[in-house]
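Each of the next two complexes has chain A plus one other chain: chain B in the first, chain C in the second.
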Partner chain A sequence: MKIKWNVLVLFSTFLLLTGCMPSKSVEESAIVQISGYDRGGEKGRIKGTVSIPQYGKSEKKTAASELYLTVDANSIKDVEKEIQKQSSKPISIGKLAVTLYSMELAKEGISDVIDVLSRDARLSRNMYLAVVDGQTQDLIENGYTQDETTSKHLQGLIENNVHHNFPSTSLHEFLYAYFAIGMDPYLPILSKKETFVEVSGIAFFDKGKVVTTLSDAKVFTFKMMKENFSRGMQDLPFQDGTIMLDNIGSTVDYKLTGTPENPGVDIHVKLESEVNEMVGVEEKPSPKLAKEMEDAFVEYFKTNAGEMIELFKKEGIDPLGLGHFAKTRTRHFDEKRWEDLYPDMDIQFTVDVEITEYGIFS
Partner chain B sequence: MNKLNENQGLNISENYLVSPFYVFFIIFTMQVGIGILGFERYLVEKAGFDAWISVLTAGVFLHILVWIMYRLLQNGGGDIVHIHKQVFGKYIGGFLSLLFAAYALLLSFDVMITFIEVIKVWMFPGLQVWIFSFVMIGLVYYIVSGGFRVITGIALISVVIGLPILLLKFFPIQAGHTMNIYPNINHSPGQILAAAKQSALSFLGLEFLLIFYPFIKNPDKSKKWAHFAVFYTTMLYFISVLVTFVYFSEEQLKQVVWGTISTWKIVEFPFIERFEYVGIAMWLYVILPNICIGIWGATRVMKRIFPVKQIHFLRVVCISLFFPVALVAGRDPINAINNFAGTVGYYVLLYIPVLLLLKMISDKVRKRYEN
Partner chain C sequence: MWKWMRKNKKKQGGQKPSYNQSDTLPEFIEVLGHSEDFIQFELDGMTRCTVSYLKTMSDSKILNRSVLTTLNSHALHGLKEIKETIPVENVLITDDLKVIQTKVMFGYIMIQVKSSMEQVLLVPAVSLESRDVSIPEVEFSVVGPKEAFVETINTNINLIRKRLPLPQLTVKELQVGKMTSTRTAVVYVDGIADQDNVDTVTQRLQDIEYDQLIDSSFITQMIADNAHSPFPQLLDTERPDRVVSSLVEGKVAILVDGSPHALTCPTTVVEFFGASDDYFLPWHLASVFRLIRLFAVIFSVLSTPLYVAVLTYHFEMIPPELMATIVSSRSDIPFPPILEVIILELTIELLREAGARLPTKIGQTIGIVGGIVIGTAAVDAGLTSNVLLIIVALSALASFTTPVYQIGNTIRLIRFPFLIGAQLWGLVGVSMCMVFFIGHLIKLQSIGRPFFEPLYPLRFKDLKDAFIRLPFTKQVDRPVLMRSEDPKRMNEDRAKAKRDIDE
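So, the complex of A and B:
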């Protein structure tokens, strides 16, 4: 019987090990899923808004209801403390999925916020950050759909767009670019329309501050220069109508050119696509027309990319991470010199557009 | 419950021995412990993203060290206590062996406090350290009193349970920037060697071979398993380093205290939101044999020096470890102890070749004297 005692001791130790913590039940805590920060009334103060979904006690599925709390606080951590004062249940921030900042606040700089986000072990690295055109409080407190909470809705909104025209974004990617040498972060911009929210562009940061923005019409070109992807659409006026390009595979390649004293970068994009909409185009699809369309797109992307690169040079930001790229290809990379050279650097953009299909109707 | 071998000498009867194959698990599990959770940051501080070379360099040195240890043990025909006695005589040799035992205890202690800190920072800030360390040390006492074979079994389980965690590397690779590891050496050999020294600190553990060698059946056959273990550990560290390098940017990684746990943070399954909780909980199995082998080794050395039963030493050690483990808290003291243990370990590793040299000299002198 001796062996049985041993087994008992062994298992009871494991059980005992689990008993070292006070337990906390899910129903008993207020789970914050979205938080937004605006500038507070006085200078240096922050207005924080959170939404807490309320789950009914009955099993019947009811419309998602949420509780909105807004507080005026000194700092981000202080927001949590102040919200605790208004809540009947302990606040739990482990499921925070979306964090919003108003444009006003983002222009002043959100470095302090970044520190809190990167330090707290409870937060997910897959969380989405976004800049709001307007007040985050209005955006959060406006219910959008009947059966979804605001946080689920916004999370889905960003996630869906990241799979299409918008470049990928998450807390981790923001931090990566924020700390990296020769790379600057960016975040999507959300704006509230009458009854809905839309992703309306990209905000570019220099360290913690928003310095410039890009409208959603040009986002496709930016994503093309930033990463490989295989979805997304771009429209273009062509002849007397509009054509819509459906991306089925785009790859981007950076190359370091020039001498070490005077470096330059070549950005080359290969884009394979279909055209699925040709409104107002009289001609029948033919190899000749395809060639014309390809040229029109190449022209369009080139102008767009050129303008964008000029904008980045003017603002001294590098959201594409060209410096970061050059650092991995250069021995004894000099960050200072790169930054000095950057505004006048020779950055070439070339693109191959290949239109392979025109849909099932000709 | 006491199944510890009570034979004072080096002749250990066969029912206490383990197959040479198990040397792989013991060395591997001893090397992979708490260090792997956060060693990347220290490497990057020394040699930036060129530090992957340092890991490989350190691996090569460890292979040489394994070879040296087998030379030492085969000629010495026993364990470190025996060798010390031969080379330095009874008193100085005994004293050095006791220092070695103290070092083994230090490693166990270090693993325990660091793991408790990880739990506190990542999961439960309000952990009752008194209760937790009491139960943990109770478990360790229970395992160690089962003898070396039980410890080997735990080592085996630990390796098997720890393996699936490797699959998680897939997630950070997916989100990674592979251009970060473009081989573009920016650092001087000196810096890379400094990082190699730093990584050797997380590789500590194979020196326990000097204690458990007499417990291996056909020790000659175990050589290849020891080398396999070192190779496997090196590869594991190498992969971990590469994965964290593609996942973080260099400046970012310098601020991440626990690189590997941080890469678990993006692992998401439909049924579990935050995987690091599972990972850290499973890590208890990975560090358990570390603590056990450390304490077993220390008490074994003590027993070989003093004519007292090992179980008595074990009781004393467990009780005297409990209070410091429960009392030490906070990033700074724990970091200081980590660094101290690392430095001591580094000198222990350096001491082994010196010991071989002294042993060869003393053998020669003795031979001449006999003639």
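So, the complex of A and C:
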């Protein structure tokens, strides 16, 4: 009997005490879905922009209105504090889906920002990060479609492209590459055209700083070297016209070669594809022509990949994660030595292109 | 203090109930004489005797045709002679006052002769008013037998016996209730039911100390292992076919006179979600329907607490596509989610109570008025969001899918602790409530057998008729839970033998 009274008292204490805890329902909080960071007015200051979707009272979701807030702050956490000052509702960052950094800021280094992102447990690891060519504020504040918020639009934009030509990206993958030994992160670049945004390339990081970029045209080759995928398209000038290659399955395989003292890496790609469009090519499709096309693509991918590997060696970055791969294959992996050897390493790229189909014609 | 009270109770138990026992026969007759329907007259014809009976309980046909004609046409002396002459079965001569009292109260005709006033002759002339056997209303099923128990225990036992013509089908009768002396029968198949179970039930019934026993649900509460649990620990059913299949499995059934429900035990929580329809359909269909029912129950209990928890604490969990819908439907509502939910849940409970108390025809109207009119009006007035209206209506609907009415009541109410948990600690609170309830279920027993059985203790053999129902050929063993003395239902080899060639 004694114990039961204790439980009762304990329970009612919980009940009464929790009555004092403020709790806010969804509609009473400002849900930040996108945030962007630019270089601030003075040296060392950051300009943060967030957009908060305003849900109307009507059930119709025709017009998505957003509230844009821009503040000048000392640090990332300070941005949150400053935004709180301008908001009528408590700021909630749990549903943050896209975070953007201006190229200017990214070139100076976003290590501090990454640190904040990696610590905050409220944030989703599926969040997309991207580098913006220009000011993030302009990009966020420019409404793109009538019925979508900017965050949803950008999220969809990145997600869709990741399913095609762009290598997969998310906060989780960025942090993995950032903290892993022998691996460097990369992010997609967004650039604002007059009325729309497009994914225009990839920015490669060296420890939180953007060192080089890759244009949109070469992204397919990079993705091919980085991961297995089964979609995406690549065009190529062929004879007097252009042919378009549809990827229907590509697998990549790394192999460690050479001696432990002088290691090398073989990258081998097998690409199955179909060619469905030939513009300006006079010759009738035939197995012989397909063979010629295959050779042309092999040639093209080889040159491209070779250039890319040279670029990585020159900048001393390893977005493919070759060092990370070697670490898994080597006992007592010496990171320092690998980095010393990396610029002169023998990295071979081979590719098999197989065009399995060129359409039905009569 | 408790010890002292317990001692006192024991002393009381030893005493004989005083209010319906008179000490002598004349006293008994005098007490009865106060009632207008007690008739006593002396016959001065061929046979001289006194006839007394309760007019309202005795069959006047037997009295007029068999008793009075015999007494008037023959000159009989002594009770023995009368007994031999009266053309009625089971006539008895006794001087046991207790027997006389109970028999007369049930409608026996008492005949006394001058020479021996202490000894009487009792002629059975019981006339029992009873309802006809009708179709089950609580546990209705589209296919299968459509007989339900009625309020007379004899009819009910008849319904069972005609489905199970076995000499081993044993019916033990007890009288429970100090004033009502209600006939209570313990029914089981001797040699299949575990004797321990039978003994436990009999003993607990004998130990019941209460003045009245109006319905079998009294027994459910009185002999339950944990009387404070919201979960019923005996399964009540109004279907004789269900009782018979329980008996064949080795369970014990309890029938109460005056109650159209039989109780079967030991039972498990899973059994409450199995309908008799499950055995009338092909096994895969039945299994899917069972799983749907189980899902409906989980949905019914957890949907509104999850709504409260997610909207108050974890709105990261709302899918982005739903965000606009939920937020814009909530934006007008002046209440926090918890109040909104409680208001709507209480409205639904009100409708249900009102519907249950009213006659069927008006009840339907109430349902429609309540569901449509109040629902839409509440949304239009901005008191509740229409998302919640859908959730609450669905969860109310889902709680009706339980085939046994008693567990439906439990499900109706256990969502409220979950709601409080959700408001206080979010999903953590919901899981705390869940842990508490599962812990409680694990501890529960049904006449000494584990109530959460195929799951805890985990018995793989019993899972074949729990969440899914395997075909009849796989149901070779009786449930382990019953500890049956004869665990095999049939010959497995013969059941599995393929009979594709007619010989």
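Keep in mind that, in the parts below, the second predicted complex is superposed on the first by the 334 of 362 C-alpha atoms of A that agree within 3 Å, B and C clash if a C-alpha of one lies under 4 Å from a C-alpha of the other, contacts with A are read in each partner's own complex, and residues count from 1 in each chain.
As a working rule, contacts are C-beta pairs under 8 Å (C-beta built on N, C-alpha and C of every residue); 3 or more make two chains touch, one makes a residue touch a chain.
The structure presented is a predicted model; accordingly, all values stated were derived computationally and were not measured.
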First (chain B), second (chain C), both or neither touched by A:Ser124: both
Which of chain B and chain C A:Thr328 touches, first, second, both or neither: first
Partner chain in contact with A:Ser25 - chain B first, chain C second, else both or neither: second
Contacts of A:Lys288 with chain B and chain C, given as first, second, both or neither: neither
Which superposed partner A:Arg337 touches (first chain B, second chain C, both, neither): neither
Touched partner set for A:Thr13, first chain B, second chain C, both or neither: first
Chain B versus chain C as contact partner of A:Leu175, first or second or both or neither: first
Chain B versus chain C as contact partner of A:Gly94, first or second or both or neither: both
Which superposed partner A:Lys152 touches (first chain B, second chain C, both, neither): second
Between chain B and chain C, more extensive residue contact with chain A: B
Overlap of chain C and chain B interfaces on chain A (superposed complexes): 94-95, 124
In the complex with chain A, residue positions of chain B that touch it: 1, 121-122, 124, 126-128, 131-132, 135-136, 138-139, 142, 175, 177, 179-180, 182, 184-186, 248-252, 255, 262, 265-266, 268, 273-274, 284
Chain B partner contacts - residues on chain A that touch it in the complex: 6, 9-10, 13, 16-17, 19-22, 94-95, 118, 121, 124-126, 172-173, 175-181, 183, 324-325, 328-333
For the chain A and chain C complex, residues of the former touching the latter: 14-15, 18, 23-27, 29, 31, 33, 53, 55-59, 61, 64, 92, 94-95, 97, 122, 124, 152, 155
Parts of chain C lying in touch with chain A, wherever the complex brings them together: 311-313, 315-316, 318, 320, 323-333, 336-337, 424-425
